[in-house]
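What follows are several structures.
You will see two complexes here that share chain A, one where it goes with chain B and one where it goes with chain C.
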Partner chain A sequence: MKIGRNEFKMEKRATLSGWEAARISILAIIFALTLLSLLFILADVNPLIAYREIFSYAFFNPFGLPLTINRSIFLLLCTFAFIIPYKAGLWNIGMTGQLFAGSICAFAVVVALGGKEFSASPSPWLLIPLMLIAVILGGGALGAIAGFLKGRFNVNEIVTTMMLNFITFWLISFLIKEGGPFMKSGGEGQSFELPKSIFAPLIKGVPFTIIIAIGLAVLIYYLFAKTKIGYEIKAYGLSPAAARYAGIRISMIPLLAFILGGAIAGLAGYHYFAAVPGLYKIPKNYGEFGDLAFYGIICGLISQGNPLAAIPVALLFGGMSAGGRFVQGQLHMNFGVDYALLGVLMISLVAFQFFYRYKFERTQTNPDKERIDVGVHR
Partner chain B sequence: MWVFIVRSLDASMIFTFAGLGELINQRSGVLNVGIEGIMLFGGTLGFLTAQATGSYLLGFLVAIGVGGLLGLLHGFVSITLGVDQVVSGMGIWILGFGLTTYIGSPHAGPLGLDRIPTILGISPFFFLGLVLVVITWFVLSKTNMGLKVRSVGENPGVAEVSGISVDKTRYLCVVLGGMLMGLSGGIYSLVYNPVWSYNFLMGWGFIALALVFFSMWNPIILLAGSVLFGTLWQLSLNPQLVLPGVMSRYIWRTVPFVITLGTLVLMSTKWFRTRWGAARPEALGQPYVKE
Partner chain C sequence: MIMVLGGAKRGEMVLEARGITKRFPGVLANDQIDFEIKAGEIHAILGENGAGKTTLMNILFGLLHPEEGEIHIRGERVKFKSPLDAINMGIGMVHQHRKLVSAHSAIENIILGHPSAGFILNVKKAEEEVQELCDRYGFKVDLRAKIWQLSEGEKQAVEILKALYRGAEILILDEPNSALTPQETEKLLESIEAMARDDLAIVPFITHKLPIVLGISHRVTVLRRGKVVACLETSRATEQSLAMQMVGREVIFRIEKTTVERGKPILQVENLSALSDKGFQALSDVSFTICEGEIFGLAGISGNGQQELVEVLAGIRNVHKGKVTLDGQDITHASSLDRWRRGIGYIPADRINVGSIPDFSLVENTAMNYFFDDRYSQHGIVDYKNMRKLTEEVIAEYGVAAPGPDTKAKNLSGGNLQKLILARVLSRNPRLVIADLPCQGLDVGATEFVQNKLMEAKKGKAGVLLISEDLDEILSMSDWVAVIYEGKFMGILPTGQAKKENVGAMMAGLSLKDNVT
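Take a look at the complex of A and B:
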């Protein structure tokens, strides 16, 4: 393709360096924000004002900032739940179900140990570790179903994880509504509140899950950079057949990847329903928390599976979705600005996948030089 | 009881249209996991159009049109740009899920139009679905056009050499399939349950995707599967009709998903695959790049 003196050529990338990937990702985000500003214009809102409001609320407002941090921790955990299977070439879109399953198990532990009674004040030293183990087991078990079916029978993991999402969604409804075992006395379609004594400890107002999230980022980075298991997962992701010839037990890899992913998604459930100040229950609108988990897919894709790069990305999207919620009230827009952001980011990212694989080479042709060349050749 | 049967047929035609669209896609070798997104888009925009203009016809046309456009988008991204088909499909699903929530929420609530006339209570779309299934089956398995589509799905390299344009054929199928999915979403929001609410499908699209795998890419079996799952879905909504008082209604809602999972597992066993596994289009999910 020729434009003026420049000639553009499309070339397949052999490798993609971290900086190039970061550059493309930033372009994709800017492209999405530009698209989204159309939405603001259609709603008679000046996009510059909207973005200023979003960012100032998300990062500089005393009410917005904790919201942003809490959402970001959640997104980060969901991102890791997506990344590990993604490295194995598998799509975990079941973070929603896995975090629901984990939360069910954690709340079941509380119920079993009598924490549902109004006057109960169980020991945090016993119950918080037990709840953490429960979410890991619950989320991991649900992930294991998808992983086992993929590894053993080659069942499409997208369909499986999605079915499990809906199953756990309705299970929670059963548990918290119409006299289910988790129901708050008096109904209202939400779960009982956790007793005060087992509220998750806070570090300067931030739940301790932030340490888990950042620790996991380092651990997962180490897992894929240095360990045999990480290497095997990556090898399976590149080519299951080649991995088999290399002596890797390929039916085990999807199982392992999904168990790890599911367990981390379970922790995300613990974070929102048991650790974020002001909630400490499974609320009526728990489905919206599940939907938020899909941001994990986007963070995972944008950070190209790098858990350390996912941290700033999760912070950005956590802030934008929290800020989006805010401006929709502030500027009298429709419900769902944060949902729209989710959709637009995703599709822009999909289009930009192309640039992860191809690049444009620009070569300038100098007309004078060309003339001389022609002379010489003839 | 008759009402229950009629509602089940209504439900099954939604699966039929969406599944048929996906089946045509997959027969040409393109996997589109974004059915639910296209259905949400078709359903929401069709609903808004019908509500604004008072015309069902316009609503359905918009649903079909937007479905076709999204199909074209999937085609452009996955055929021309060569991006992984799953990535593109996921993108369309999340786009649909996110944007329709924003677009539709101020209009949440009932449609407020007279219902479409029925034949003995059965919606005319059921008969249209039957006709389309037969036509699709005939075109795919008996005509030259169908041979082209199937060969592109089985071995695009060979098809290209024998003078079939792989890209053109795939584009045709992707757009047609998208239109059917959009229509299916329109049927949901205009006929089956004319009340808009956020994320109203709750998994219909993904079950339709699973149904295509069940059908072994045969439209007739797809129809049978749709009727089965339509009935099952209806049963899960109204369990008191058959088994009053057994299990909570929320547990009943999980039943279609559990059965889908079970069937998927059964179909993926070695026993099943060695007998009927050859039906899967060989090149399904692989982008074709002309060398």
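Take a look at the complex of A and C:
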């Protein structure tokens, strides 16, 4: 392609360093924000003011920042729930179902130990660990169904995880609504509140689940970088036939990947319904958390399955969804800024992954014929 | 009616390529290549894997665009935007990996995409015309048969007929004689010569099987590392000289077969049967023994149960009936990993999809046969540092041409990939080596290397099961020859008593008794 004296040429990249990938992602974010500013202009809002409001609320406001952090932790856990099966070449679309299944188990534990009674104050030393085990088992078990069917009978995991989402969605509905075992006394279509004694401990106002999330990031990174089981999962993910040749038990890998993924999604359920201050229940609008969980897929894809890279991505998405919702009310916008932001960011980040594989080179048809890079894309 | 004979007359220049250059990231695939062919000529292009043959072929067929250089057809300069342009200019391509619709009949495949095939197909008329082509050039194909029912040779004939029916005057044949039996090859050569007599220009691209090139072609162009290193009349070339040009050094054709004293039995297979993926009996009642220091060659056309046999021995397919013992221990139901540990080393036929993981680095690919080994992983942690050292060692020892151990396997050429797989498997010092089509698709140099390494394994007292479609390879390498046909062994005989014709007939389904004269 020729523009003036410049000739542009598309070339395939042989390698891509982590920094190049990060630079491309930042460009994609800038591109998305520029694109979205058109929407603000159409709505008669100065985009610079809108973005200032969004970012300052999301990252500097005493009310906004905790919201951002809580959403980010949730997103991060959902991302990990996606990443592990993704490394095995499998698509976990069932984080929603898995986190609901985990939450159901955790609340069932509370009910079983009498925590639902008014004025009960069960011991946190017993109940919190039990709830954590329950979410892990519940989420893992739901994941196991999809993993087992995939490994043993080669049933498409996208379909099974998706269908399990619906089952758990309606199961929760049954449990928390009128007459359900988790019903709040007096109805209201939401679950009972957890007794104060088993509120998850906070670290400077942030639920301790942040430690779980960051610890898992390191652990998952280590799993795939060093361990034998990580090697087996990666090998299966890239080529099941080659994995079978190498002696890996290939029916076990999907099962394992989905148990791990489901268990982590269960922790995401624990985080939002039992650890975020001010909630401590399964609310009426629990479906919205299910929707947010799907952004784990996006974060996982953008971070290319790297759990450490997923941290800033989840933080960005968490912040944008919190800040977007805030400016919508603040500036009296008539459209859903939060999901518009997330949507445009997602499309832009995914589209820019093109530059992970290709780069543009500019050659100036100067007499000296020197090759100059477009700078940013290298 | 037939458009076989285009405008070009015998001896007229039909295709001329000048200064063709094509780069890929980090590789100069074609460097100033000149090539020409006249009507009625058979002009072979020879080269090792990675010499730039495929690139050139794709450029001539319009799949790739050269960065420099020109192509002239019948004196007219052309620029192909797509293969359709090439087809319309009279170029026909016969792919090595057949591009046919297997659920359709031969004739349906032939008229697929033909300009005269409009909304309503006149199959009958087309069939008559194609039949005429068949008779003229000696192709024996049932045009009404479905593609999946045809043999490799028949499928190839269908591809050639398709090109001819489209009016091709220049026929590009990609590895025309791979996967054919000796008899089928013979017939193919006759057909090629008949077509050349009708003033077709024919360009076979060949990596191995030099004698065939010498037998029928008029001229040969040899490529090495993207450049033309020789272009000469075939009458002035010898097998040795061509091989030397291709490889860039002298090649010894006769592999030196060393006899090793026959040791104790390693592998004993008794009345083994197995089912195919579709549940048919793919292997029935096979029995044989492989001892220390011997190569057991298994000849046969692909798809006669070899793959099932190999997979059963490697532990990735269940035994239906029968018994397998390794060094006297029953391993009939042992897992694949267990067999690796006990000393079975398996070199799969499909090195890209089974034998390696293209997106893995060479270190990770080496780990495929070592990740379970206590020397390279303890307590579930893989010792990648040590694994890297091992990879560097085997790369050096086996001469794998790669920038380094962190290169991805997909960047290796076929020969280098096979060397890596070989290195990985043989460095484990296996008791039994299962080599499934180890030299398929490899160039002369790499084939020689692989064969020597298998010979070395034999000298080291390993037993080797060698599966090949190439009779010459089987006969020159093995101590025993067995022939498999439709899942049954047609006979097992010492190589000394095996004649090429007999084995060839057995490959086609005649039992040993029937064809010994």
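Just so it is clear, the second predicted complex is superposed on the first by the 349 of 378 C-alpha atoms of A that agree within 3 Å, B and C clash if a C-alpha of one lies under 4 Å from a C-alpha of the other, contacts with A are read in each partner's own complex, and residues count from 1 in each chain.
As a working rule, contacts are C-beta pairs under 8 Å (C-beta built on N, C-alpha and C of every residue); 3 or more make two chains touch, one makes a residue touch a chain.
Small disclaimer: the values here were computed from a predicted structure and weren't measured.
Chemist: Please determine whether it is chain B or chain C that touches the greater number of chain A residues.
Modeler: Larger number of chain A residues touched: B.
Chemist: Touch test for A:N334: chain B only (first), chain C only (second), both, or neither?
Modeler: first
Chemist: Looking at A:L342 after the superposition, I want to know if it touches chain B, chain C, both of them or none. Which is it: first, second, both, neither?
Modeler: First partner only.
Chemist: Once the shared chain is lined up, is A:A257 touching chain B (first), chain C (second), both, or neither of them?
Modeler: In the superposition, A:A257 contacts neither chain B nor chain C.
Chemist: Tell me which partner A:N154 touches in the superposition: chain B (first), chain C (second), both or neither.
Modeler: first
Chemist: After lining up the shared chain so the two structures overlap, which partner does A:I29 touch, if you call chain B first and chain C second: first, second, both or neither?
Modeler: neither
Chemist: Check chain A for residues that touch chain B in one structure and chain C in the other, and list them.
Modeler: none
Chemist: With touch defined as at the start, can you tell me which chain A residues reach chain B in the complex?
Modeler: Per the stated touch rule, the residues are 39, 91, 93, 149, 153-156, 158-160, 162-164, 166-167, 170-171, 173-174, 177-178, 180, 287, 291, 294, 297-298, 301, 334-337, 339-344, 346-347, 349-351, 353-354, 357.
Chemist: Can you list the residues on chain A that touch chain C in the complex?
Modeler: Against chain C, the touching part of chain A is residues 11-14, 226-229, 231-232, 234-235, 238-239, 241-242, 244-249.
Chemist: If you look only at chain B, which of its residues touch chain A in the complex?
Modeler: So the residues of chain B in touch with chain A come to 33, 77, 81-84, 86-88, 90-92, 94-99, 101-103, 105-106, 198-199, 202-203, 206, 209-210, 213, 248, 250-251, 253-254, 257-258, 260-261, 264-265, 268-269.
Chemist: Chain A touches which residues of chain C in the complex?
Modeler: 24-26, 314-316, 335-340, 346, 348, 350, 353-360, 364, 367-369, 371-372, 377, 380-382, 384
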